[in-house]
Amino acid sequence: MDRQKIKTFLTLGLVLLSCLVLFWGEQYLGKFSTRVLNLAAIFVILGASMNLVLGFTGMFSLGHAGFMCVGAYVSAILTMSPESKEMIYFMEPIISPLDKIHWPVFPAILTAGLVAAFFGFLIGFPALRLRDDYLAIATLGFGEIIRIIVTNTISITNGSLGLKNIPPIKSLWVYWGFAIATIWILKQLINSSWGYAFKAIRDNEIAAEAMGIDIFKHKLMSFTIGAFFAGLAGALMGHLITSVDPTMFRFLFTFQILLIIVLGGLGSLTGSVIAGVLVTVMMEVLRFVEQPMNLFGLQIPGIPGMRMVIFALLLLVVILFYRQGLMGTREFNWDWVLDKVGVGRRKEKGVGVDG
Amino acid sequence: MTGEIFLQNLANGISLGSLYALIAIGYTMVYGILRLINFAHADLLMVAAYVAFYGILVFTLPWWLSFLIAIVVTAILGVSIEKVAYRPLRDAPRISVLISAIGVSFLLENLGIVAIGARPKSFPRPEDIVWNINIGDISFLSLTIIIPLITVILLVAVTYMVNKTKIGTAMRAVSRDFETASLMAVDVNKVVSATFVVGSSLAAVGGIMWSLQYPQIDPLMGVFPGLKCFIAAVMGGIGSIPGAMLGGFILGMGEVFLVAFMPELSGYRDAFAFVILIFILLFKPTGILGENVVEKV
Amino acid sequence: MANPWQNSILVTDNITMQFGGLKAVSNLALNIAPRQIVGLIGPNGAGKTTAFNMITGVYKPTSGKITFDGNDITGLRPNQITELGIARTFQNIRLFSSMSVLENVLLSKHVRLKATPLEAILGLPRYTRARKRHIEECMDLLEQVQLADVAHEKATSLPYGKQRRLEIARALATQPKMILLDEPAAGMNPQESLELMEFIARIREQFGLTVLMIEHHMEVVMGICEHIVVLDHGETIAQGTPTEIQNNQQVIEAYLGAVDESA
């Protein structure tokens, strides 16, 4: 059996295994674990999409939380029942026709992604002429502007009161379905000619432009795609927590995603997946340090804020001492696994494209 | 708008503008030399405010001594941050240093939350320096005069230092061309440290005066002033000290008068700075007083 | 060869580049005929690279006009100029450091791709076929520049001379009509420079290229250039055939002066 076939079988096996795991999880996992895993899926989407922008295209954008905010609100408004809208919007009634809209969740989530992408496109248009620090501060600014607008457009968003009673989604299948689809799409994109164009821009913008790449167009494309998935993740977040408000989408979110991609490796999707799960689980496990504890009869008070201190230290240690993170720019691939176990000698190194 | 209200707003604008200007200088100096947004600069305000707070209320020190200690502690902290978190990354890609700066900022904010809690505390206003002044129908705080006054004194001092002293000359040399300056036997590390001492001390003074003016302090108090002052620095032309002052004043005045003239937009007050930033970056990215530089290829 | 004044591929009409108070290039007037090999020489800081940067759109000239192949290209973006048929290499090598040799060359084919990103993501035939063809073309090209054996190595791990050759290959992969080489022989020993000369002459024949090159190695310049332009402090101090330039008093002084200054 040649290597290509082995790899196809392995991939099919992996897909089957994931399905079994999800099936098992759906049957036996408790409410809390399921919720953590769902959150992990959302952070995987966020990590992978921000990595596309920052790790693969080299654009230091800090606006992810803003796009999540857009996505969360769009999906929430589209899916909430007209009755709960009437109940919740008591400062100012929601404007027509949003008051009557009552969509099923799937089209709403996709629309949320598209609307966030549209925002990404609009913001990227002026912002992507900037670089590095300037881009960082401008995207941060746009993120804040989005949040401030959401707080002030009360007849659409219900302002600072936020939205409640968003139709819940509980199933692992949905969250991980979206996560796997995201990873697959981004993997295909990154291994395509466009992915190489992104990486060329990251490696050397001047050379990329001299080889005919339209820098602005490609940056805008990467940024818009990143915003799309951020919006998607934001929408999922709304359906997981069932309520949203503008303070949710502070810079804190962007920081957590930044931690994920730095820890996983700037420029490695595999790294973002691993770190996305890792950071989410850590976030939940470390909750105990913020809660009062009773250790051998000794009452230890919880320390609020401790988790974020740990995360900040973790980010600093990684960036100062292990700048590569867990994966560097490497990706999981079967060739590596097969080489390790010594199956089917590799004949010739494949071209790293469309693999 | 009556004359009195106008004057009132003008006074508010000037004192807010002075605060912005003072803090913006720290950004512009560090940026001029390291080409880095020192995200942690914003949190130095908070550190200074808390040190002063504890000095006065817990250790019952005289206010001036507390302020002095706050300035020294903040300066040491600023220099240490550069040594630990920025210096090792000097040859690393720029994204890494920025991430490190964000990490430090986040660390300080959350250490603040851990150590003193997220609840705002009210900052003491020593009677020696804060009192009410009444002229006719207008009544205002002494701070309205003191803050711009101290700002002007410090601005003059910094301008003198940068233009007339040896270390100032070295700073300008490093800011113009980091590589060449280091080849020309300028002790770059010393210059960078000196820059952080000056910038951080100004941030400390800014933080203390900010807390006197708006006497509610909390661990995240630096975030918004910090972002806005960076914007002020960009608006004035990053790297330029007079530019930072100008930007600070324009931004402070603009914010105060935006709310005064169009109260219905007051919810958007914090967005105002960002909107300005985006316009500046699009139409004159070098800022008002910045020089045009073409990137060498 | 036809009269170059009537039949030229690149004309720079008195282009000037000013940086603050410094005139890096003033009133440069080039006129290059198709398939010519032209040398641009001059002491350090003369403005040679700046001239390249203006022609390739990296800098917009302060004044003057550039015409290439009948198109006014003044102020166009570098990628637009590349699409019109000017390719270049860089004095300080600028390869894509995360990519292999083949991937570096392949990148130049990206703009020729007719498929959409969606087709690429879904792996549809229009994309995969074009991609496969591009890989074959690039392997052929690497074969011709004798880099096929290292096609899968990381580009930046190659020795210096090969990195320079890769830069040329990458430029050729954009299918240019004209190529601009910025010090292609820098850091090469005499043997390597000689090979490079032959290589440049060969690609000119093979691809019907026009070549404009900056070079400090005089034996290379005098060896293959048919026409030479000399810059000093941004001014054009001489133009002519290699023999004319070799005997030009002003050129000799410019070079001697440069030696004096640096000594």
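First chain written, first letter: the chains are A, B and C, and each begins at residue 1.
Here is the rule we go by: a contact is a pair of C-beta atoms (placed from the backbone, for glycine too) under 8 Å apart; a residue touches a chain by one contact, two chains touch by 3 or more.
Values in this document were obtained by computation on a predicted structure and should not be read as measured data.
Peer 1: Most remote chain relative to subunit C, going by C-alpha centroids?
Peer 2: B
Peer 1: Looking at mean CA positions, which chain is nearest the middle of everything shown?
Peer 2: Chain nearest the overall C-alpha centroid, as shown: A.
Peer 1: From the mean C-alpha coordinate of subunit A to that of subunit C, what's the distance rounded to whole Å?
Peer 2: Distance between chain centres, rounded to whole Å: 42 Å.
Peer 1: Can you work out the whole-Å distance between the CA centroids of subunit A and subunit B?
Peer 2: Each chain reduced to its C-alpha mean, subunit A and subunit B end up 33 Å apart.
Peer 1: Go ahead and note the Å separation of the Cα centroids belonging to subunit B and subunit C.
Peer 2: Taking the average C-alpha coordinate of subunit B and of subunit C, the gap between them is 47 Å.
Peer 1: Multi-chain contacts in subunit A: which residues touch at least two other chains?
Peer 2: 206 - these are the residues of subunit A that touch more than one other chain.
Peer 1: Multi-chain contacts in subunit C: which residues touch at least two other chains?
Peer 2: Residues 58, 90.
Peer 1: Listing for subunit B: what residues touch at least two other chains?
Peer 2: Those would be 297.
Peer 1: Which of the residues in subunit B come into contact with subunit A in the complex?
Peer 2: 31, 35-37, 85, 88-89, 92, 94-96, 98-100, 102-104, 106-107, 109-111, 113-114, 117-118, 223, 227, 230-231, 234, 267-268, 270-271, 273-275, 277-278, 281-282, 285, 297
Peer 1: Tell me, which parts of subunit C touch subunit A in their complex?
Peer 2: Going through subunit C, the ones touching subunit A are 56, 58, 77-79, 82-83, 87-88, 90, 94-100, 102-103, 106-111, 113, 117, 120-123, 127-128, 131, 135, 152, 170-171, 173-174.
Peer 1: Show me the residue ranges of subunit A that touch subunit B in the complex, using the header's touch definition.
Peer 2: 54, 58, 60, 126-127, 129-130, 132-134, 136-138, 140-142, 144-145, 148-149, 151-152, 206, 251, 255, 258, 262, 266, 303-306, 308-309, 311-313, 315-316, 319-320, 323
Peer 1: Give the list of subunit A residues in touch with subunit C in this complex.
Peer 2: 185, 188-189, 192-194, 196-197, 199-200, 202-204, 206-215, 221, 267, 329, 349, 351-354
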